[in-house]
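Next, two complexes with chain A in common: one pairs it with chain B, the other with chain C.
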Partner chain A sequence: MGYVAVKAGEELIQRAEDLFEKQRLADEDAPITVDQLEGQLERLTAQAMSEAGLYAPRLAALAVKQAQGDTVEAAFLLRAYRSTLERWDESVPVEPSAMFATRRVSPAFKDVPGGQILGPTKDYTQRLLDFELEDEDESGDPTADWDLEDAEPTTLTNVVDVLREEGLVSEPDEPDVDAPTDTTREPVTFPVERDAVLQELARGETGAVTALGYSALRGYGQVHPTLAEVRVGKLPLTIEHPYTGDEVTVADVAVSESEAVVPVYAKRDDPQFAFGYGLTFGRNERKAISMTILDASIQLESEDEPAENAEFVLDVVDGMDSFGFIEHLKLPHYVTFQSILDRIRAIRERKVAGTTDDEAEPAADDGTDPAECESSESEPSDRETIEASDDD
Partner chain B sequence: MTETDDIDVETAVSADSVEAALEDLEGEGLEGYNYAYLDEHTKREVRRAILKAIAIPGHQVPYASRPMPLARGWGTGGIQASLSLLGPEDTFKVIDQGSDESVNAANIRRLAADTAEVATTTDTTDADVIQTRHRIPEEVLTDDQILVLQVPVTDALRKVDSSDAANRRRHAHKNYGKMWVHLYENVVEWGEINIAARYPTMVAGRYLMDPSPIPRWDVPKLDDADNLFVFAAGREARIYAVPPHTDVEPLAFEDRQFQVERFPEQSCAACGSTDTYLTEVETDDGTRHFACNDASFCLKRQDDPTLPKDHHLERSGVDWGPGTPDADGDGGVAGDADDGGDDE
Partner chain C sequence: MENPHDRSDRFELIAACDGDALTRLANEVLADDPPLSVLQEPTPQLVMQQVVEPVERRPFNLGEVVVTPAEVKLGDDRGFAMVPGKNERAALSGAIVDAAVAGGHRLADDIATRLGEVATNRREERAREWAESKHTAVEFETMEDDL
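Showing the complex of A and B:
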């Protein structure tokens, strides 16, 4: 039986897995530890958590290690694991001002209440390869000898709130806090609620969210936002205590947040800015800002541009979906391809028959008995020309 | 197929406390996962979607497709349906493009065997549930079998409109004009309908259905079958079904009838069959062979070249797809199976 194109069994799968693992482990070097990944490649683990929709830094580091650095694959591992877990509870909604920010910039104003906090960033660093990192052996804290005063962390006034107080920004629809949508438990159908849009964008693949957000800026859309602020920091995770009913903070979640106003006036009689919002797990300002653009674009409820069409954006933005379906093309397709071959050969025969035999065309188009037409006219001539075309 | 509500408590993850849950998760392999991988609520939801799909043949029922440990587009809808239907007493078969031994089929079979402890088989007639990618087996399925088809694209109308929202409205109004126009334009441009697999098919005279990318060869098998067909899409999160003995009719015109794939003067290089779906293989020496696509039936035919497709049934002459490659090109029926003569 040498005729089945792809034949293999479980042993082949195992061997392929072994070869994949060998790529990671065959060198002399000690395996990279999960601690190192979690501590030193935080951007990678943050991206995996964000696209997985699961905040679990340790598991994300493990997933990144197992996926050999492929973030979409890592997010996929986390999602598959997440789907086997019970959902214990829903957290209490939290105000953005509750964030303990390590970084906050407000491009909309020169100064804002609470001030601009540059924080840790490479934004203004020259992008030169640092060859010293190649032989780095000692880890040292470059901020060790900074002279810092102890100060209480302050919460920051939300910039969009300042504008809202003046009535310049339209109010978002009141969300249903009692029964928030969870797109991992309910299928998304259109038209879609904004909370479902935000959830899907927050879980979107970073590159896809960035590309679609960029498309709106690039001219395929009307949204060119002014960022009210971009913040990176920790939000408290608060739940209702199951016995006392009091709200208790049980953990922190590192997030990137972005808010923008858009000079598109929804109402003629009371012109107000439209707005957009973005939030991701971990440090990923690019994705948070892109999500903000997409949220603002989708709220325009237009179908003129790709980024404004909720259905288009949500259909293509998910990394797990696009990754899986793109890569499934590697699976054998010989059944469908045989069917496709049959069609193109039949059509080529018909063309050949049409050019060499003038009677073939009218026979197919006149009102003769269709069954007779199929069986007695076109079929035999089709078959003769199959061989002709096969000889090519 | 079997009661799974009374699951083996031993295999479920404890929900008493975080520690207990984590403790349960320790261990090797898939220990610590629920029976059949998915939690019981999810399996119940999938079964409800299947029941609803059976009640409205051909209608796409949305369900909350879960992320599975397989890549989306690789059978995640099918495996969710299969795992929701399977019980420990069941026998499971998986085929990918007609072959039990394709790596992806082996991987799916392994997941079910590891998590649902089902017996597996490659023999179509032995299986209770068969998960398949893009083929309906050559052997006739019976009323105690379920065929679960993996579905990449859920809607036949996607060809003519990319918007799911718009297509849902069309289905609600049974408004299939745009598809008919598409088929007509096909005929005008190419002389015949240029749809290979995923042939648009009317179910019970009501819903237009994408039968998944099965070849046209298999489409007639959907009509008035004894078995249940479940179509499950993971990425697109839809389930639909063709219940037993439902009218299923491929769209076509009176003067451009539905045609199955033709294999003129070809027979399987391994078993000699002329009444099965063949695929062609270019060999290293430049010759072209045709071989049965249904690998498990081909092996049986190699032992017994005259074995009919309904050999395991008490009655014979059962309608099951096209008869012979030389039948008259209109999607002929199995009743004609043995009368196909030479046509030259």
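Showing the complex of A and C:
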């Protein structure tokens, strides 16, 4: 099945684009600036970066502006831009323990080493509309009068390491691959390695990742984890300096991270925890937690539930794939549809003709309808014919 | 990341420096009209961020980060810089600044002082950020006894 090109007036397409731009600029106020988007709507730009698999806060703000707030469209713009760039290199692999965390909560351990640090969040407040924001003029810093204690910034002990010290987590085997799979350069094939699963989930569409993770919690799966910790912070992007060979930091990359513990009963002689892991660009805890559930679910290697089926999950979580396939349906399908119409009309005409023939000619001696014999031997059935004409 | 006269430390300081500040420093260096050749044009490129998953300790590709590298030769000295994001001017300026300090340019000490301020600002900013977060540290109490 193939696609059939159509053409239309370029000028008219330009007019439609102009109307779209007019919507963005329709208000009498000055256009929102990229600086404002980057600084004040960080969640939006973070989601676009996360789903693009591309960390570039300023470009993400520009993409969000161009897409008029449509995060998937913005992610598409970022991926398109990314496709024009060369790869300098891979970074030096960074340990999550190197994260400079500004928020860390552990739902599993009340007295987690390093403490529960709420950081910037509205998690524990009521979700009520704040009408005062409508008339907000000069922004005041609500933390201006805080009496802060001097403290040397430090990294926080990873909860997995705490459990590992108690022998509750198995010591990992040495990974049997030198370099992780890169799904931006190699197609994902099944069965799939866990590193590829993590990469694909990390750039999955937030809604899709959340929905599939939620499905496991709603009974369509076995994983109902306890979160060991949720962290928000910055990971260093480290490369080898081309002159000195030293490991040097280029940038701090904002990330959200989640780890979940899942009891494993298979090893009854040595009960330990299984784990799920989630990490994504920018502030997007919802996605990181959902990724954690899906990672743990996929490790069960079952096809019984959607969230446990790697092929199902990875086939549907990518925003670009789903965006493209769903939205292409609104593009012209005139030739395809005309073909379907022709076939349906032909079927209807044949049936009318068959009815007339039935009335005119008695059935064959063996009781078989001659028209059915011809159809079943020389042509596909009517239903098969209609389905085969779909060009998608 | 503290010593601007150390090539690796200087790389980090330049990467963390404001682009406009780098441009001003580079312009001061170029005011003497030294021989300059661009070995690598400043062009946005990608670095794949690899992270070690903490349970199996297995590295995976989190995603790509946009950076802009540049390399120059200033007189007999090479300079290299890489800055976050798409910022060609900052990258080229950073490479010039790097070469100037490496070659002992007459402004090298001034540049080192300015880069030292970057380190101080960054340290203070991070300390402030950490102190603000620590200000929200909480001890959750279970309420079993109250029920």
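FYI, the second predicted complex is superposed on the first by the 319 of 392 C-alpha atoms of A that agree within 3 Å, B and C clash if a C-alpha of one lies under 4 Å from a C-alpha of the other, contacts with A are read in each partner's own complex, and residues count from 1 in each chain.
Keep this in mind: contacts are C-beta pairs under 8 Å (C-beta built on N, C-alpha and C of every residue); 3 or more make two chains touch, one makes a residue touch a chain.
Every value quoted in this text rests on a predicted model; they were computed, and no experiment measured them.
Once the two complexes are overlaid on the shared chain, A:242 sits against chain C while remaining clear of chain B. In the superposition on chain A, A:27 makes contact with neither chain B nor chain C. By the touch criterion defined above, A:54 lies against chain C but remains apart from chain B after alignment on the C-alpha atoms of chain A.
Once chain A of one complex is fitted onto chain A of the other, the partner contacts of A:95 are limited to chain C, with no touch recorded for chain B. Within the superposed three-chain model, A:184 lies in touch with chain B and with chain C [touch as defined at top].
By the touch criterion stated above, A:324 is placed in contact with chain B alone, chain C being left untouched. Legend: residue contacts after superposition of the two complexes on their common chain; A:117 is shown touching chain C, with no touch to chain B. Applying the stated contact rule after C-alpha superposition, one finds that A:145 touches neither chain B nor chain C. Using the contact criterion defined above for the overlaid structures, shared-chain residue A:158 touches chain C, although it does not reach chain B.
Chain A residues in contact with chain B (one complex) as well as with chain C (other complex) are 82, 86, 184.
Those residues of chain B lying in contact with chain A across their complex are 13, 15, 21, 33-34, 37-39, 42, 62-69, 71-74, 76, 96-99, 101-104, 106-107, 110, 133-135, 152, 162-165, 168, 190-192, 194-198, 213-217, 235, 237-238, 254-257, 259, 261-262, 264-265, 269-270, 277-281, 283, 289, 291, 293, 295, 328-330, 343-344. Those residues of chain A whose C-beta lies close enough to touch chain B in the complex are 1-10, 12-13, 16, 76, 79-80, 82-84, 86, 184-191, 311-312, 315, 320-321, 323-328, 331-343, 346-347, 350-351, 354, 364, 367, 370-371, 373-375, 379-380, 382-383, 386.
Across the complex, chain C meets chain A through its residues 1, 7-8, 11-12, 15, 43-67, 69, 78, 80, 82-86, 126-140, 142. In the complex of the two chains, the chain A residues touching chain C come out as 49-50, 52-59, 82, 85-97, 100-103, 110-111, 115-119, 143, 146, 148-154, 158, 160-161, 169, 172-173, 175, 179-184, 194-196, 198-199, 202-203, 235, 237, 239, 241-244, 246, 248-251, 253, 255, 259, 275, 277, 279-281.
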